[in-house]
């Protein structure tokens, strides 16, 4: 059972491209050498392209996306600040929890799991906040637990419409680099991501992009912080040196990953994620199952949370995949434990890998008792992929002609 | 089109396990150091287990399987020697060609491609050879071009029945370590293999196992040879040192590959290859297509050569797989070019990888115009794999109870 | 100038053994898979051996040693708590700075750079603190900036002598796993280390060992924290699962590094570091130079800070090493910038590597104008190493006899 | 004793640059894929630059330099052909031995070990060969066993002076890519090399460059051959496909190695080898020892064979290096066993690595009883390297000014 490739379809860490693995396999080097910034400075510059920001500043922390969440809060807000958040899955829940533990007063809008950020409710509350008590609005762009993508641009419009000047924080851990995200255009003040999703690296880096407005807010922030403080880390962005030892091998991997991403083109990456996701969804619908994401507008292009039939335990599906078919699916977390399993489809992925995911899921579902016709999900996705790839090649031919 | 894993289903080089890739990534070392044999001697010992020989001697040449073919001939025969061979595919053809170029007189039995070694005809000819002019009988155990496995034990019986004492040479390049092979039990005198098939390494090593009888014949052999000569290389088997610089990184990889193989167990490996192959064949039959191998007794458990419908060009199927679906299938060679494409299923492989092969082949076939129901091959294989794995788990449970 | 190996003698990241680099080169895997703890749980168990604790609990954070410093404070103390610290180099300085920024009231004893923790002064102050206002005593066991090792056991005795029950915090980032450290025997409450020094990994992990007493104090701690909070991370120690995505590749590397360390034996590692360091020091003395560490009792076995002659700028020595001889030495930091350069000698290192360091330093010093006889430092170290190795072999022979 | 880097100073395999090791760590790929030649064709083109030939054709064999020796003979000559060779070390001896075993009639000039090809004697014999019976003249450009470099251009002049049209064969295994070699300018007909020396790869490839004249001779060659035959392999040079499975990972490594070499520039590489070798020789002379190479004109820039004092056994020196100091030196072979040990200085190497070699050799010699002043060889080499590097930097500055 241990032969061959492990089929990894969890939403992070994602599959690492071979070129990235190779790039990380380096001997150590002096992080204070005069030419060290030749490695680091271009990383900051290229990450800005991924965040689609020109005016923002990028921070790279040894840590994780969770650490970057903390950095976003502890550097720009103060204990007792009121913030507007919403909760509709495990990761939006955890960010709320963090905000409260760090001393913020959270106006939390609870939304049914399967939906996303309630833009209208946000707009109503912002409109009601005549005294400007809300210091920041938080958006989980892609709720990894339920496969729901929220409307960041909509939240920006809500802020603009109400003339509210709260900061706009976005958790883009499982979206940035895979799903459309536009920091400058959408007026995002802090965008948070990590290395182990769309950036196709192992876990180990928490990454922030910070607007000038957020840097201004930072000057008023009095929360205790040290490891994650902007003060210490900010120089890294301009000098290329870090205040404490950076994981150099990860930076080499980031270089390779950014090279791959820039070569493919961010728009192409986003289009590819849509295509691959759509194939997975075709498969799910062919099975007669539905996504946790309630409406098409919420469908995530990086992860699909699939609701299993009533009589089935999703945990059994996942256990079957892992123990019988060398396949790792994502579990249903918290409220949806046992009710959903997740197929992640982000990062270094192609069509046949997605078909393998569906084929493995079909067996895992059938073994768990689901009445699904063998091969039907694969077939639906195959036809979608064939048509899409044919269309692409046709476009290429027409361009060339 | 360059994202994600390449799906590699060519019959060599096969997919390399991660542990083997890691093991090969070594700094160089002194091949005359006193502890170098600690690396090499156990390799010879463990390769004997793979060949299933106790009395044989193993030779490891920097080179390829083709080089090992040459070593087998040039070390044991003489120019003008008569040998009995058969030809039923590109690789049996090439061995005949080599034998002739090296100066042997080849009694070549041409057999229709899709069949294997003609045991009865061999027996007839051996019986007719009253003067013992036939010095060696050659068997291509697994003809990689057509996916045909021949009956080595049958040829041994033919020799025994006729009381003929010719040497028995076996090309086991695409069978040894994957398909049942028993050097001692079947009285094989020289068995040839390479590193890039069942041994799950890159190409770069040609490997021979040689019986005492063949070593005896060696003493009478007067062919010019140097690089491949047993004289120079033989000491390596006992001292652990090589007459010229060995590819040390390959030897470390071989160590890791043998460790994996011994841990899985040769019988289990053979059973797994049968299971995986059977799933592929279920898929082929569900498509309504047939194998190049004409009868079930010839079916190879390491590679399936699939005959495409009359109206289709197999080259187009392969081109579709490669350019659209990042999948490498084997081409039809020589006589069967354009008529067959091949799915290799040997080495480091599991069920879901085989389903990916079938899913990709279905798309590639349909794109080439074949009328195949999407998903039908996948479905057939899924059901086979599910049943087999369930049965295995049941056995395990019963053993434990 | 870019050929061959870079000679890396900075005090972190240290040279990574090939086996560790190989072990980190893994495909990603599901960090919630049922067998994931088979990787992680033994890591915690074996790290306890490195810390020499049986009752302590180990925490592994994605981050750095600086992060682990912060974790130690924010989890066990409260804003306004009084702590006793001393400052005699850049890293002890930074820990003081952090403590203040996190809201502690620091009784800071400033000591001349080149000396270590002032045990007698600590004892005096603890004795004076009749009301037990000092909640914790901090010790930088090895001040990396000056190459000074302090007397942790002495501080424990000071606490015991005065009957003071403050917590004892030790920064062992550049000592643990290289220089004698005994958590349980010395009654250390929190020991901090990182991955990129004696553990021979890249940077990326901050590691803590925490005593039961410190865990008790944790219950009273009300500092805001989330990423580094013991609450979230503590379960990892017992379940093997992490609250956020761990850098799995680092954990595989840690496995390999611990395997190497346990095979060598902690006492042997400590003895080796002493031997290697002593050779470096022989070389320094042969040059007629002195260490920044003022007395032999402060000499560090992991890093030597070498005071250059008055007329020389140590920065030039370092620049020469880097630009001419592909050698990375550590810089003098802050107060000793320009006055010292550092040769780190910890981790995966052997005698000839140390001789290379000395040879390269001699050239770099001479190029900077120092009047040092070529080869004299190398010669002194050679004779020391020869004698030591001969003595070892003699012991081995006697044991065998 | 197993900590840190192994110090590898054997003349092959040489140290592999990290970039090359990384490049070889690839998943396998289809060697018949339409884009495979994108990898292979530029390798042939760039190897021509290394051989300094425009009209020659390059062959890459899975094998070793020994295999390439065989390919050179069996493809262009006939049994019974008379050839002119000379013997002055283990490798020139082995080539003579091979020529005889392959059926050539060898006119062998035996020369004292420590000297090289006897150009005048060659010229005399060629002049005497009025009937043109000598079909080929062989030159071992760099005799690895004795560290002797011969005068290939001189042999060409001897051929030209005598108007002899024999083919000129050169064994450049330990010289090409490190020591000046000019195929076209010197009218070399076949140049032989391997992957594991100046090309900085592991062993595994035998490489030939073949002139048009040699290809013409090939048409008349009737020696039996198959694996090494030009016929089968020649197409690879134009199509990029190989007649049997090539070691793809080695080809990726070759790509990386050639990239490094072309970036450094062949002239710079040759100059660097001279500089490094000269430092080693300064060290040897400072010890009061002499090279096996009798005169300066024979001194090899890739390997120094050092004659130990009468009372010393060179085997003990080598054993000391290996067992005590993790250093691999080359042994004295055959006639000079016990009398010389060798320091190889080719491939991916820098000054400090050479100093490490000398430092380690000094200890190993002293442990074996040699009366050598500690550090004296290191000191001599240091001063040479310092001066050379200073001169380089000065030139660079002047260029920039």
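Chains here go by letter, A, B, C and D, matching the order in which they are written, and residues are numbered from 1 within each.
Methods note: a residue touches a chain if its C-beta (ideal position, glycine included) is under 8 Å from a C-beta of that chain, and two chains touch if they have at least 3 such contacts.
Keep in mind that what you see is a predicted model, and the values were worked out from it rather than measured.
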{"item": "Chain separated most widely from chain A, comparing mean CA positions", "value": "D"}
{"item": "Chain pair, A-C or A-B, that carries the greater number of C-beta contacts", "value": "A-C"}
{"item": "Mean-CA-position distance for chain D and chain A (Å)", "value": "53"}
{"item": "Where chain A and chain B are represented by their mean Cα positions, the distance between them in whole Å", "value": "45"}
{"item": "Distance from chain C to chain A - Cα centre to Cα centre, in angstrom", "value": "36"}
{"item": "Touching two or more other chains - residues of chain B", "value": "5, 15, 21, 25, 27"}
{"item": "List of chain D residues in touch with chain C within their complex", "value": "1-5, 7, 15, 17, 25, 264, 272, 324-327, 348-353, 355-356, 359-360, 362-363, 366-367, 373-376, 378-380, 382-383, 385-386, 389-390, 393"}
{"item": "Of chain C, residues touching chain B in the complex", "value": "18, 21-23, 25-27"}
{"item": "Chain B - residues contacting chain D, complex", "value": "5-6, 8, 10, 12-16, 21, 24-25, 27-34, 61-67, 69-70, 74, 79, 98, 101-103, 194, 196, 202-204, 223-229, 243-250, 319, 322-323, 328, 330-331"}
